Amino acid sequence: MSETRTIRIADLTSYDFRRLVQEGPPVVLLPVGSIEQHGPHLPLSTDVILPEEIAMRVAARMGALVAPAISYGYKSQPKTGGGNHFPGTLSLDASTLIAMLRDVMNELVRHGIRHIVVFDGHMENQWFITEAIDLMLRDQRREGIDTVRAIKLGYWEFITPATEEVLFPDGLVSWALEHAAVMETSVMLHLRPDLVRADLIPDHPPAEFPPFDPYPFDLSTIPEDGVLSSAASATAQKGRLVVEQVVPDIANALSAFFARSGG
Amino acid sequence: MSETRTIRIADLTSYDFRRLVQEGPPVVLLPVGSIEQHGPHLPLSTDVILPEEIAMRVAARMGALVAPAISYGYKSQPKTGGGNHFPGTLSLDASTLIAMLRDVMNELVRHGIRHIVVFDGHMENQWFITEAIDLMLRDQRREGIDTVRAIKLGYWEFITPATEEVLFPDGLVSWALEHAAVMETSVMLHLRPDLVRADLIPDHPPAEFPPFDPYPFDLSTIPEDGVLSSAASATAQKGRLVVEQVVPDIANALSAFFARSGG
Amino acid sequence: MSETRTIRIADLTSYDFRRLVQEGPPVVLLPVGSIEQHGPHLPLSTDVILPEEIAMRVAARMGALVAPAISYGYKSQPKTGGGNHFPGTLSLDASTLIAMLRDVMNELVRHGIRHIVVFDGHMENQWFITEAIDLMLRDQRREGIDTVRAIKLGYWEFITPATEEVLFPDGLVSWALEHAAVMETSVMLHLRPDLVRADLIPDHPPAEFPPFDPYPFDLSTIPEDGVLSSAASATAQKGRLVVEQVVPDIANALSAFFARSGG
Amino acid sequence: MSETRTIRIADLTSYDFRRLVQEGPPVVLLPVGSIEQHGPHLPLSTDVILPEEIAMRVAARMGALVAPAISYGYKSQPKTGGGNHFPGTLSLDASTLIAMLRDVMNELVRHGIRHIVVFDGHMENQWFITEAIDLMLRDQRREGIDTVRAIKLGYWEFITPATEEVLFPDGLVSWALEHAAVMETSVMLHLRPDLVRADLIPDHPPAEFPPFDPYPFDLSTIPEDGVLSSAASATAQKGRLVVEQVVPDIANALSAFFARSGG
Amino acid sequence: MSETRTIRIADLTSYDFRRLVQEGPPVVLLPVGSIEQHGPHLPLSTDVILPEEIAMRVAARMGALVAPAISYGYKSQPKTGGGNHFPGTLSLDASTLIAMLRDVMNELVRHGIRHIVVFDGHMENQWFITEAIDLMLRDQRREGIDTVRAIKLGYWEFITPATEEVLFPDGLVSWALEHAAVMETSVMLHLRPDLVRADLIPDHPPAEFPPFDPYPFDLSTIPEDGVLSSAASATAQKGRLVVEQVVPDIANALSAFFARSGG
Amino acid sequence: MSETRTIRIADLTSYDFRRLVQEGPPVVLLPVGSIEQHGPHLPLSTDVILPEEIAMRVAARMGALVAPAISYGYKSQPKTGGGNHFPGTLSLDASTLIAMLRDVMNELVRHGIRHIVVFDGHMENQWFITEAIDLMLRDQRREGIDTVRAIKLGYWEFITPATEEVLFPDGLVSWALEHAAVMETSVMLHLRPDLVRADLIPDHPPAEFPPFDPYPFDLSTIPEDGVLSSAASATAQKGRLVVEQVVPDIANALSAFFARSGG
């Protein structure tokens, strides 16, 4: 069996899975993303593709498995994703996303997994991942299992200042405004150029928001194309740099953490 | 943009999606499967791969879109899937699966879609799909929208007697026992031979179950390999026959139905 | 106290119940049905009456108790019950039915019962019974109790080929189409003739459905009287045969199963 | 068809139900009780039998229908029912009881009923009935229906001072302590003497409780037999008096109310 | 630190809290009220102020802590609070109130508290407090903790006949009708005269209700000012009497109870 | 009535509330905080006190009302609040907090309020406020009301660069690490000096966290006192500056926004 097949749980047979757990249960990375507008140039699944692709590379380095991605995520917000009103943005209620994550993690534990990393690709998911992990740990405590260690991780948090400098030679406006902008576009150009409409990459000044959040959204404050700052300086090379920097850093950090936790 | 890209919602940009809806909202096929043991020879994601692959072909014929698949499904049962205890079987609580389907369908309607087909690949999902559709229609009624038409569909229901005869020249034992057996193995050999461990295809008499369902499962009645009847006579050719027969039949049936419903 | 009174939990005093549990906790049969149209000739409670009456007879044979029936069930579907739109069909949401069954089973366990049989009279209830049992077992596991054994049972599954032949001398069309048809009508004629409108028993060809399920229901495919195949050949004698065959078979199967499970 | 059959929804055919609604939708009485200890002398289903029997008589007088009873109720409390720990007491979580009532009422409204009376036989159910009605009215408002009128009713609230004097010639200790005592025992002796263990009717001083409610229950304050005050003076004659007084009073009050509400 | 600061959990630092638990975990009183109309003369928060003020005095006497009050309560009912339709009445769904109480109690137990008193100021909350306590005890049982003792308490239940006589020299009409009437107005005049509009105290005959509860409310049976009986004879002196009688009685009863429970 | 009394809904009578709504429904500010450790020097209710006090001042300036605060908030996280394990931290499940906020907002709308500001004092609450607002708007849409405007607001977001410079003359380490540090301590010293243990204000280097979040918390990365950066330079004067700057800025921003929204 090829190495790839030992990374994706989806591709394993039940027999493969059993054998891997018996050999010493592997760490499992669970990508979670969103189907969310990413401007005129990036596909709706950008936030699924990025964590899944990066998770695959991290898993390959550290001998982990990647669970089937949860493609749908929490409702896109203006300041982090443009907003839920953009066509094709398909989002979940908080309770649904929490339940989904909780169930999948509980099932992994049921089959012997003890180390889980929720690999997030969509900022809006963060607090619901936190809740899902907390509820899963409670469930497991009541099952008499207290050896589960779970991590919430956004791959972008691992971008170093050095990488940041290459990405934004003129200075980063704000990570919050990076939705569908330089970093995401660059990594997509590197990993899935077939899905990038390079001719439509937007270039306009960054969005400006009031210091509060109105609902229903105040459309007058949201860029019409849903891109929060210019993506004009995105390149596949920058994307490659990001991937090549964060992948080993994440793999090392996770390996070190779980080793310390008795994994 | 290639035709493929216009089929998968995941690959569309928000702009693409808006344009398609404006041109006359397309039918959306929503594949839902499971991560479930499929014996020693088929991958855990068999029930996701099959409906997704078939849905793509149906969509291509009828000008529909395919939404990102929901990979996780309801708990595997002994008589239809071997059972939830097999390693790597990752299942959802009923409430989670219902919520997931309900949210995604509601979101499609929010963006203008009116015709949805839940494209099931896992028998155990059926009644929860029914409930999700019922709750979604209730939600939409309360939003003042009563033009939604939703269909629950298992692709295997479209296999004709003629195809059945080719699949099972010695007679079908029972569709219920076809889990990981001749039909599924054949279609996988046709569509994703890279994921089939042909050397491990099992060949043993069909499982026999009591006329009731005990919980926790009665392991003495479940085949150890989780395959409910022999898959030995599976061939890629049979798989191709199934796909080539059901795809146009499903496309035609759906087109006719939605045309009649005013689509 | 008469034997009957020792069968129905409803008729027991709290003192009776305690004594029975102390003598060795009995098996409890929990009937669950529906209030669902059954054509022009059968009452809305047909699916409650049948499992309750049969459960009483099974309990008498095997020394079990019968819990108060849950009269309301899951939403009637066209292919199995005509559909939820027929007047007087009063159905529950999935979550309600699951909660109801889960609570009652948890309560039985709280009072010392360990062997429970959910005695179903309505096909549409099946998967929700499965979920309720699974959640109850999880609850009990967290209470530190792992000796509960629960069974889901549809009495019709016990009809033997021999009985089937008498019921349908010209061949069974399909069990799925037997709603309010020969079998149910016959058993009602035997058990509750006072509730059968013999003059209104329908006789028309079996319903034909497409191989998918549209929502809202496609009324053009549903027989106007809600009966899925002819009930004209129903007789009380056939009903008696069914009852006299399935009752001992069910009692024996359950006794054997629970004996094996350490009951 | 006998008059009785036109009273119980369970006994109606779908055709009967439709005809009745078309003739002008009748008031529906929905009995809800509990499976709760009632001392050494009364059956666990006392709180179901009483409201169902009385509702039948009320319905006969006013031309109403009686829906299938919800047999299971809220958790028995020491001060009103002895407590949930007594053997055979099978209770529901609040959310389950609320969902059950809400679903059944919503379904009645779906089929054209507009006037519903929740006919309670178990004090502990009261506030959950209130919530279920409130949520059902909200649901219906969102369906665009604002003509539903629902009533919560405990039959004992209709006992007049004159009747009270006959029941308790030496003065009533407290209605709250009447659980399984004079009134309930008397009415059971009148309506279902076959289910009363007359030889075991208890006779001890009334229970005394602190002015607060401790959990888990303080068993030292609860009479060991679960009866809150003496039932020694219960007679069938008293029971008959209660029934004959409250039945017409309830029927008249309901008829007057619904007439005023435009029924 | 002043004594007051050691009574209110809100005013403690985390260090204070830890020290108090280490010294022997104190009893915690958790006030729960409502934002509910109280006629033209009393503030909407009357049902929060009264239990919180009385709980503070009880806590001071017995060395207990007072948790931050839950200000919002269950929906006001006509017979106990005038009704939910009165302007400014802000009420919770049953499930929300139950969840709120359950979470806060579970959290107290997580930090070492074992003796909790839910100190109610609003009659309509009672049954939902019962459910929250029951669910919390279940949660804790599943956490392996069975030493929690929780009490539900309405301060008015402690008013002695002697105090009652002073409050109502001409006889009490009914405690149920005391909403915003003599007792509550008197205690408010004593504790928070700044919040009483003495010039607007109503004086009209007591409300008369039918012996059943109609929904939506029957406004013709509810006093227009929302006061259920005359408050004219309220005085600060009476209020002081109530407080001075119930505070030591509650403190003594709780101390005695928890001492007996091994606190 | 004093001006203060017209600001707090808790202090209004039902009559006052009705009059205010009739005069043109006011904006309502709903403070939501937490009971969360704030080091050795600040009280557990710091995150309730700050938004409530600031909301009162904002309301006074703009003629708004302040609803009773929701004191309990979402689970404290290491990077924003030290973590949920610190003694006395009493937190809610996500679903509870969402339900609480949703109910209170729905109730305000029911009584005629259309402009609501959720005034947050606890960073961890943010996404659950977002969800509550989204669900409330959905509820109201289904009630046929589409004129509600709701705002989520963290008062700290209004601190200007100029104020920031005074607060942190040596530069801000990070807003995320400001928990119980210079800003919060300063504002508490200004507003509630009686609740600050000035002698215990901590002074240690800022916390350092890994770029991911492990659960259960990794206690080795959390400062033992729960304070994320030094509070040593806090002064009442700085606190006063913050309050005096943000209060008018918030009032002006809200007034302008709601004026634009047609309020």
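Note that the chains are named A, B, C, D, E and F in the order they appear, and that numbering of residues resets to 1 at the start of each chain.
Keep this in mind: a contact is a pair of C-beta atoms (placed from the backbone, for glycine too) under 8 Å apart; a residue touches a chain by one contact, two chains touch by 3 or more.
From a predicted model like this one, the values you see are computed outputs, not experimental measurements.
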Touching both chain C and chain F, which chains are there?
A, B, D, E
Chains in contact with chain E and also with chain F, listed by label, are A, D
Same or different residue numbers at the chain B/chain C copy interface, by half rule:
same
In angstrom, rounded to a whole number, how far apart do the mean CA points of chain D and chain E lie?
29
State, to the nearest whole Å, the distance from the C-alpha centre of chain B to the C-alpha centre of chain D.
47
Could you state the distance in Å from the CA-based centre of chain A to that of chain D?
55
Among chain F residues, those touching two or more other chains are 93, 95, 142
Which chain pairs here would you call touching?
A-B, A-C, A-E, A-F, B-C, B-D, B-F, C-D, C-E, D-E, D-F, E-F
Given the complex with chain A, which residues does chain C contribute to the contact?
141-142
Considering only the defined contacts, which chain C positions touch chain D in the complex?
5, 9-18, 21, 35, 37-45, 48, 67-72, 86-93, 95-96, 99-100, 102-104, 107-108, 111-112, 195, 197, 200, 226
Taking the touch rule as given, give the residues of chain B at its contact with chain C in the complex, in rising order.
74-75, 77, 93-95, 98, 117, 124, 126-128, 130-131, 133-135, 137, 149-154, 157-158, 210-216, 218, 253-254, 257, 261
Chain E residues touching chain A in their complex are 142-143
